[in-house]
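So that you can tell them apart, the chains are marked A, B, C and D in the order they are listed, and the count of residues begins at 1 in each.
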Amino acid sequence: MMVSLQRTLWGALMSNQFPLTVTITGIREETPTVRSFSFDSPFEFDPGQFLMVWVPGVDEIPMALSSADSITVQKVGDATAGLFNLKIGDKIAVRGPFGNGFFKGERMLAIAGGVGAAPLLPLALADRVMTFLLGARTETELLFVDQLDECTDLQIATDDGSLGVQGFVTVLLDDLNLGAYDKVVVCGPELMMRTVLGKVAEIGIEHRSEFALQRYMKCGIGLCGSCCIDPSGLRVCRDGPVLSGDLLIKSEFGQYMRDASGRKKTI
Amino acid sequence: MMVSLQRTLWGALMSNQFPLTVTITGIREETPTVRSFSFDSPFEFDPGQFLMVWVPGVDEIPMALSSADSITVQKVGDATAGLFNLKIGDKIAVRGPFGNGFFKGERMLAIAGGVGAAPLLPLALADRVMTFLLGARTETELLFVDQLDECTDLQIATDDGSLGVQGFVTVLLDDLNLGAYDKVVVCGPELMMRTVLGKVAEIGIEHRSEFALQRYMKCGIGLCGSCCIDPSGLRVCRDGPVLSGDLLIKSEFGQYMRDASGRKKTI
Amino acid sequence: MVTIRPGPVNAGGIQIANHLLLAAGVLGTTGASLTRMLSYGAGAVVTKSIGPLPKDGHVGPCLAVLDDGFLNAMGLPNPSKEFVEELSVLKGKPVIASIYGGSPEEFAMVAEWFKGSVAGIELNLSCPHAEGYGSAIGSDPSLVEACTRAVTKLGMPTWVKLTPNVTDITEIGKAAEKGGADALVAINTVKAMRISTGLGRPVLGNRSGGLSGKAIFPISVRCVYELYETCKIPIIGCGGISSADNAIEIMMAGAVAVEIGSAVYSDVRIFETIAKTLYSDDGIPSKDIVGCAHE
Amino acid sequence: MVTIRPGPVNAGGIQIANHLLLAAGVLGTTGASLTRMLSYGAGAVVTKSIGPLPKDGHVGPCLAVLDDGFLNAMGLPNPSKEFVEELSVLKGKPVIASIYGGSPEEFAMVAEWFKGSVAGIELNLSCPHAEGYGSAIGSDPSLVEACTRAVTKLGMPTWVKLTPNVTDITEIGKAAEKGGADALVAINTVKAMRISTGLGRPVLGNRSGGLSGKAIFPISVRCVYELYETCKIPIIGCGGISSADNAIEIMMAGAVAVEIGSAVYSDVRIFETIAKTLYSDDGIPSKDIVGCAHE
């Protein structure tokens, strides 16, 4: 697992982590609630790493890199809505890439729910993922279907059955021989991830599973403590966001997280 | 001319210019008024470069390096007296080496008056100096006679004639064929240096002469301006202390210098 | 380098395992995180500042990384009273609760919550970016005295953390001393701002914030030195400490122990790292170092 | 990067060739040195601070080089009235005389000496290490107002240089404005100290001193920003500026021009160096940048 704490730009290593202003060069409507924003500065990154994205006048939020020069955003609140208001040519500023990335396997199974597909797309494109289980609420909310179909064995589930198997993406797991994969990488809603962890733990391969967590983050660099998880005290922003299943199994994962004030809220 | 602004210690380049504490490891009585102090940290330096030497509780003063790990000090006032009060094992702190050094020639003539021999000794020991003219008030005040005699053609003058020719060191010049040297390097009382400059200028080789100036210095690094000379505004601490004769010929050199307050005082 | 003989330290009525403490607000939001820092060698840990009501803090960006420090305006996010529960995993451990309030009464109320579950209280009278709290109170000597007294009355060891953003920090130190403080902590962050020239606006959501890290170390040393000359109670040094030599230096200025915040960024095991060069069995007793630069 | 259209600048009643000025006390002790800085592209130069009597300054060390700045306590060395003569080589050049005094009368007396030989006067009400002068006066609003008025009465463009070592710099800015100042200069150095752990004593002869250079840039930006919100007269930014981007940044905070001191250390031709990236013929007018971070 590589932790890149220095920003590499066009081959030049910059230790400067001051917010870098970037211009939005493309906006793609992926689904009715999800858009990808590309910008004019590519980052060298490991899939799973994220940027702190500053939406001027609104807030700064963590976003996985869905490629070297893009993020893929689901509109859920103020800051994401702020991003949705931007047009090509507008400017935002970013810090990062931060955090670790997925540990690279050779025969990987990827499992994504909703916008959780964002950090897994670059992994699939890097040709490491054999099987990709993709889930969403409904057909129109499925992300990156064509791209993923080209480079992986893509299997789909939708809550309403509008495409693929009906049900949560985890139902697809039951038909797979999990032992055939050297790594299981997961990103999506935490309850879905916890279900996956339960299943891999059942067959004793939780140490070969990795989960990209989404926790409330203020600093993104491991100083403030707002993203720490129980009982290890590990910082999701710095020691994660990708954490291994055996580490998560006896943790708050899937049970509670913390809000901006640090209070616990049940998942 | 090399300007080393980074301290090199045992091969390691240190950009840290914070005062370095050194312990006095040797004190040698060179003459009744001059002592050499050696310390436990050798510096990589060019002859002519100096240290800012902090005498705890007294003051900080510029001192040429007379070797990689020593300074040679004439007692003239508070700070130098403070140094004379120190014993082996005592600590001082130094910053540097600062300033430029002598430009290296192949057949050099060195001219030293009094403690001006200090920065010229390492040059002579580096085997670049053919002829060394050494002057002092009286025989017992002559510096480094044995060492210089071994590596150069040493010629001596004393004001009182107690050794060598009687008179100022400049009288020795009259018997020399200055044209035989590719470089004339000078350090000593400023009036003496100005006389030398006059003589080299007479035969038109002032551009081949170099003078190590001693001006009042506060910062030693080219910021405060207390060592600037007229009319160029060059900083003796940073653009010097070694300055070429053609640059000095139309300057305040030999006429006035400035005291701690910046007021001019005639030489 | 000067080294110190290892051994427990008594700083302002609190017994701590070594001279190196975790500063308030850095990895101090959960019991688990504080436990981790203790396990990495912190002599004691100070919690995130806790106030009378839960607070989400300022909108982001909350922090900017500079070349030689950090700029932050978290805005005192905290879970308020719920936090007491976090400390249950830390029973008997050297934990100091950092608290804030808008009045002496609020300070006393919050301090009271922690009675029995912490080794001491640190009053945050110094955060430069929380309106009505922190340095807003901490730059007024009479308010400092009143808030301090309200808490010291409760009988727990009480430290007062000072802001450097005042004309004369010794006035504030003396006020805390009068209020009965057991120790002073100097300093909190220095009020500062950076602007993104690309976006043409301040890099923090709150516009201005507090500077921490290496850049402020010379200011911390000066503040500790000035306080040592004017106050009799012990001083805990804080601000920009990132090496054993820094720790020695601020102790020579007058600190009996140090708090470390920003340096955790480069090395989450900074306490162990510093301890390795700070301590040796043939080192000198720390009392011979504390304040020795004043002679 | 944002660039500015080149052109002369009027800052507080003084016409200067570009936005980049030499700050007081840096290479400003002789007429020759000031001439050299102008020849290297400074838009104007501020002299070393001149006072009522000649002063040798503090005993050394007077300066320490830190990783990201400088600590100095020169102690206002100056030749006093003799300095006027230095400026004879600078007739008609954009020279601003920095002056200090211990009272309004002294300020007026020293300012008077420079009548006719400088473009303007800068009042040093901010040096943190000269007892009875500088920030000793500059942290008292009523003294600031009185000293400013005593000088503005003489009819020369008058700038007042402020200290950041106060609880609220805007109070001081407003006092200078009331006193009739044509511009504010923010900031002078930040009071600080470093100690040599090897010698166990402060590294400056004067013990404490003023921090300058990169380390203080975030403090300068904050001060300029605060002053821009409260005062109407122009502000000259100063403190830690070492690049064109820094200049733009502090102008966005509200500065109409900048003074550069410490950065001369790394590059004696810093004015030319910065101008090369700061200016371009298709740049924007500087008035569109000044204060734009406030919107």
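Methods note: a residue touches a chain if its C-beta (ideal position, glycine included) is under 8 Å from a C-beta of that chain, and two chains touch if they have at least 3 such contacts.
Everything numeric here is computed off the predicted structure, so don't read it as measured data.
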Practice task
Give me the chains shared as neighbours by subunit A and subunit B.
Solution key: none
Fill in the blank from the handout: So the chain most remote from subunit C by C-alpha centre is B
Fill in the blank from the handout: Distance between the CA centroids of subunit A and subunit D (whole Å) is 50
Exercise for the section: List the centre-to-centre spacing of subunit B and subunit D in whole Å, with centres computed as mean CA coordinates. Expected result: 35
Exercise for the section: Give, as an integer number of Å, the spacing between the C-alpha centres of subunit D and subunit C. Expected result: 33
Practice task
Specify, in ascending order, the residues of subunit C that touch 2 or more different other chains.
Solution key: 66-67, 194, 197, 201
Practice task
Could you check subunit A for residues that touch two or more other chains and list them?
Solution key: none
Practice task
For this assembly, give the contact graph shape among line, ring, star, complete and other.
Solution key: line
Handout entry: Interchain contacts, given as pairs of chains that touch
Key = A-C, B-D, C-D
Handout entry: Contact set on subunit B toward subunit D in their complex
Key = 16-21, 52, 54, 56-61, 79, 91-93, 95, 218-226, 228-235, 238, 258-264
Practice task
Quick one: which bits of subunit D touch subunit B in the complex? Just the residue numbers, please.
Solution key: 25-37, 48, 54-57, 59-67, 70, 72, 74, 77-80, 82-83, 89, 194, 196-199, 201, 203, 205, 261-262, 264-265, 268
Exercise for the section: Write out the stretch or stretches of subunit D touching subunit C in their complex. Expected result: 1-2, 66-69, 71, 139, 165-167, 190-195, 197, 200-202, 207-208, 211, 214-219, 221-222, 225-226, 245, 248-249, 252-253, 292-293, 295
